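The following pair of complexes shares a single chain, chain A, combined with chain B in the former and chain C in the latter.
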Partner chain A sequence: MKTYVVEPREHTSVEFDPIMLHGSITEACLTVRSYEGEAHLTAQHVCKAVIAWLAGRTEVTRRDIRRVATNALTVYHPEAAYLYENERNII
Partner chain B sequence: MNSNLSSMTQPSLLIVLAVLVHASFQTAVSVLTLLSGHSFKTKQSQAKLLRLSIAYCIGAFVMTTACVITAQAAMRALVSVTSFSLVWGLLGILVALTGVAILSAYYRKQKGTVLWLPRSIAVYLLERAQKTKNSIESTALGGMTVIAELPFSAALFLVIGALTFNYEPTTALLYAIGYGLLVTSPLLIITSLIGGGHKISQIQRWREQNKLFLQYSSGLGMLVITIYLFVFYMLGASS
Partner chain C sequence: MARNTYDYDLIVIGSGAGGSVAADIVARAGKKVAIIEKDLLGGECPNWGCIPSKALLHAANIYASTKDSQKFGIRIPTVSYNYLSIRAWKDLAIKRTGASGSERYYRSQDISVFNGTAHFLSPHEITVNRRHLSAAHFLIATGSTWAMPDVAGLGKVQYLTARTALDLNRPPKSIVILGGGTIGCEFAEFFSVFGAKVTILDIAPRVLSGEDEETSSVVEDFLHTKRGATIYTKAKAISAINDGPMIKVTYLRGGDQHTVKAEKLLIATGKTPQTDIGLENAGVEYSHKGIDVDQHLQTSASHIFAAGDVLGTNMYTHVGVYESRIVANNILHKSKATTDYKAVPRVTYSMPEVASVGMTEADCLRRDLHIKKAVAPLNIISRSNVTDIRDGFCKVITDTSGHILGATVVGPHAGEMIHELTLAIQHGLTAQQVANTLHAFPSWSEIVRVACGKIKV
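This part shows the complex of A and B:
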């Protein structure tokens, strides 16, 4: 079953893309000076956790994904999780 | 002797207070954090990150100094057409209004360190920080950040301009350069912290935890400057 990510402001939805999530988690880890291998491994774990949470859900928002990914990332890398959660709240 | 001493110390104290208030403004620090974060994301070398950060600090320093020199020229022109006490009175009102604005609305009421800047400007700075790839772009970004912060810092520039425009040109320039250096010093400290291996998340967490302290200290500092201007300059000039 496919899961769609809804954009409430734009009234559109796109199919959930785990590669995009993997990329943004990797970037968050690299921002706090993680090694590249560690960053990819952490991103894999987080993506697995998010995909498990998505099972049975057909529509979610970006904010839902960010919240679940932050919770999963906090387990593996609290500093990266803090930055991932707050990257849009810096300026 | 005593009046000589007080005429020397009053402007200096006011300048020090203005520097402290201005140095606690956060727009330039936010953009530097974004710039450094993006450099880590794109796996740029530590040397390149340092180059970009130092170029950014130079941009902010040059623009701050230029703003002080412009304020000195503006004050020179203004004082030639009106009385000194009126200028001090207007400056006092401007500083007070800015102080109240800082106390009430410097940060948006949400998580993180989101500043009260027009969102279009904030998004523009965010995008520019992400697109910055060389030292020239970084220098320009530093300058732009100082311009973006003008709604809060213009009053301080004008106060410094009014305090120093009467000096000899070389002394006035030295004051402008000194002011620029001191106001840019938090950026240099953050650059050295990042260069020394501190994580951006630690710096951002510290900023978030202390944002109210910084907001209230700079807002109250503005109000103290207002009182200072009214008591020592406006009333002093009219009596």
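This part shows the complex of A and C:
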């Protein structure tokens, strides 16, 4: 079953892209000076957790993905999780 | 009520006790209502909760009392059972509730029914199967799910939950039950009647730990002596692994590690509210204990209400129905109804049956209340004599002026007897007033009169 990520205000939706999520998690990990291999591995674990959460859900919001990914990332890398959660607020 | 921009006046998420009643009342008032259900219509209680488990327990009680009837001069050469027929009886009981046919009923009431998982996208909008629905009000009645204990290897063994345990093809030869609460005790009673070797592992110091100590001791004693069950309290299960056709459960007790093997493993460690429906997108505050509501059952988003198990407090069908009525009133009327939980009856359909209402003795101690209490054993009343049922008691707790604060009845039909005491608590009656009420002789209810009569103000 495909899951779509909805933007409620704009009434648009795009198919969930795990590669995009993998990329942003990796980026968050690298920003807090993780090793590249470790960053990819962490992103893999986080993507797996998010995909498991998405099972049975047809539509979610971007905020949902960010929340679930943050929760999963906190287990592996709390600093990266903080950055990932608050990147929009950090100048 | 609803602005034209919304599809519905009310969307109810969950068709169980907490949701269906409000949907019905609001629809009857001429409002546009939709109900969303991700599983079977009717929710847990009629499909895989109270109704099927009580139907099975009824069959078990008949089997047990028939086997025990020789002392009354009744001779039955062989008493046996056909488990598949017992299951068929349970299925008939479920069918009779009419839950499976409720979709037709809802449609007759102009209630739209959607089958799927609801997820909030924004405070007034949800998605179900990629269909976006909006409403002026929402009622969250998503219920609860089985809480999984932190036991290593649990994912690799085929464990039972209270839902899957109802559909076994035969009773297991042996079973380990994790949890000695209401569900654990009821299944222990059921399986042990049909010959299973039952072991209960409970992390609490006694079974039915939410009830008074006397209650736990009667139930533990009955399960152990009459049903042959083994009960380990203060026991924490730490791992479960497959061992051939058996499941080996390792637990810690008294600082030592022990193991127990059984054919089946049943998880009955409690329930957790189902809150994973995108509540953050709707601005609804919640915790792992459930959704936060005020006395009007309004959540932090004032147009969203919650009722039933999802609140995480009183997880009973009758409370769900009560809360659902309050929500319906608060959606339809300006004068808001408030919740009152001082007299919530709780029943465990074990043998002997356990029923309680109001505060336990421990609750009173925690609140530093000065109390009076009286306990009347069941064997002092005539009904006990003529039926040879001796296990049980009635305990009444009052304040210093004699007003009933809490009560427990353990014995046959305790679930019916408790309502007299529920009424007394709800309307502020004293124990003396209950004792002065005529009780038929020889009835089980006499025990209530005797216990109340023992309270001296």
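The criterion applied here is as follows: the second predicted complex is superposed on the first by the 90 of 91 C-alpha atoms of A that agree within 3 Å, B and C clash if a C-alpha of one lies under 4 Å from a C-alpha of the other, contacts with A are read in each partner's own complex, and residues count from 1 in each chain.
By our rule, contacts are C-beta pairs under 8 Å (C-beta built on N, C-alpha and C of every residue); 3 or more make two chains touch, one makes a residue touch a chain.
Being a predicted model, the structure only gives us computed values, none of them experimental.
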* Superposed partners chain B and chain C on chain A - clash or fit -> fit
* Would you check which partner chain A:Leu83 touches, where first means chain B only, second means chain C only, and both and neither mean what they say? => first
* With the two structures laid over each other on chain A, which partner does A:His40 touch: chain B (first), chain C (second), both, or neither? -> neither
* **Three-chain overlay, vertex chain A: chain B-chain C angle, C-alpha, nearest 10 degrees** => 120
* To do: Answer with first, second, both or neither: which of chain B and chain C does A:Arg63 touch in the superposed model?
  => second
* Asked: Rounded to the nearest angstrom, what is the minimum C-alpha distance from chain B to chain C in the superposition?
  -> 14
* To do: Please name which positions on chain A make contact with chain B in the complex.
  => 27, 30-33, 36, 79-80, 82-83, 86-91
* Structure fact -> Per the touch rule above, chain C residues touching chain A in the complex are 116-117, 119, 121-122, 125, 127, 129-130, 278, 280-281
* **For the chain A and chain C complex, residues of the former touching the latter** => 4, 6, 8-9, 56-61, 63-64, 67
* Residues of chain B touching chain A in the complex -> 27, 30-31, 33-34, 37, 40-41, 43, 110-115, 117, 122, 125-126, 197, 199-202, 204-205, 208
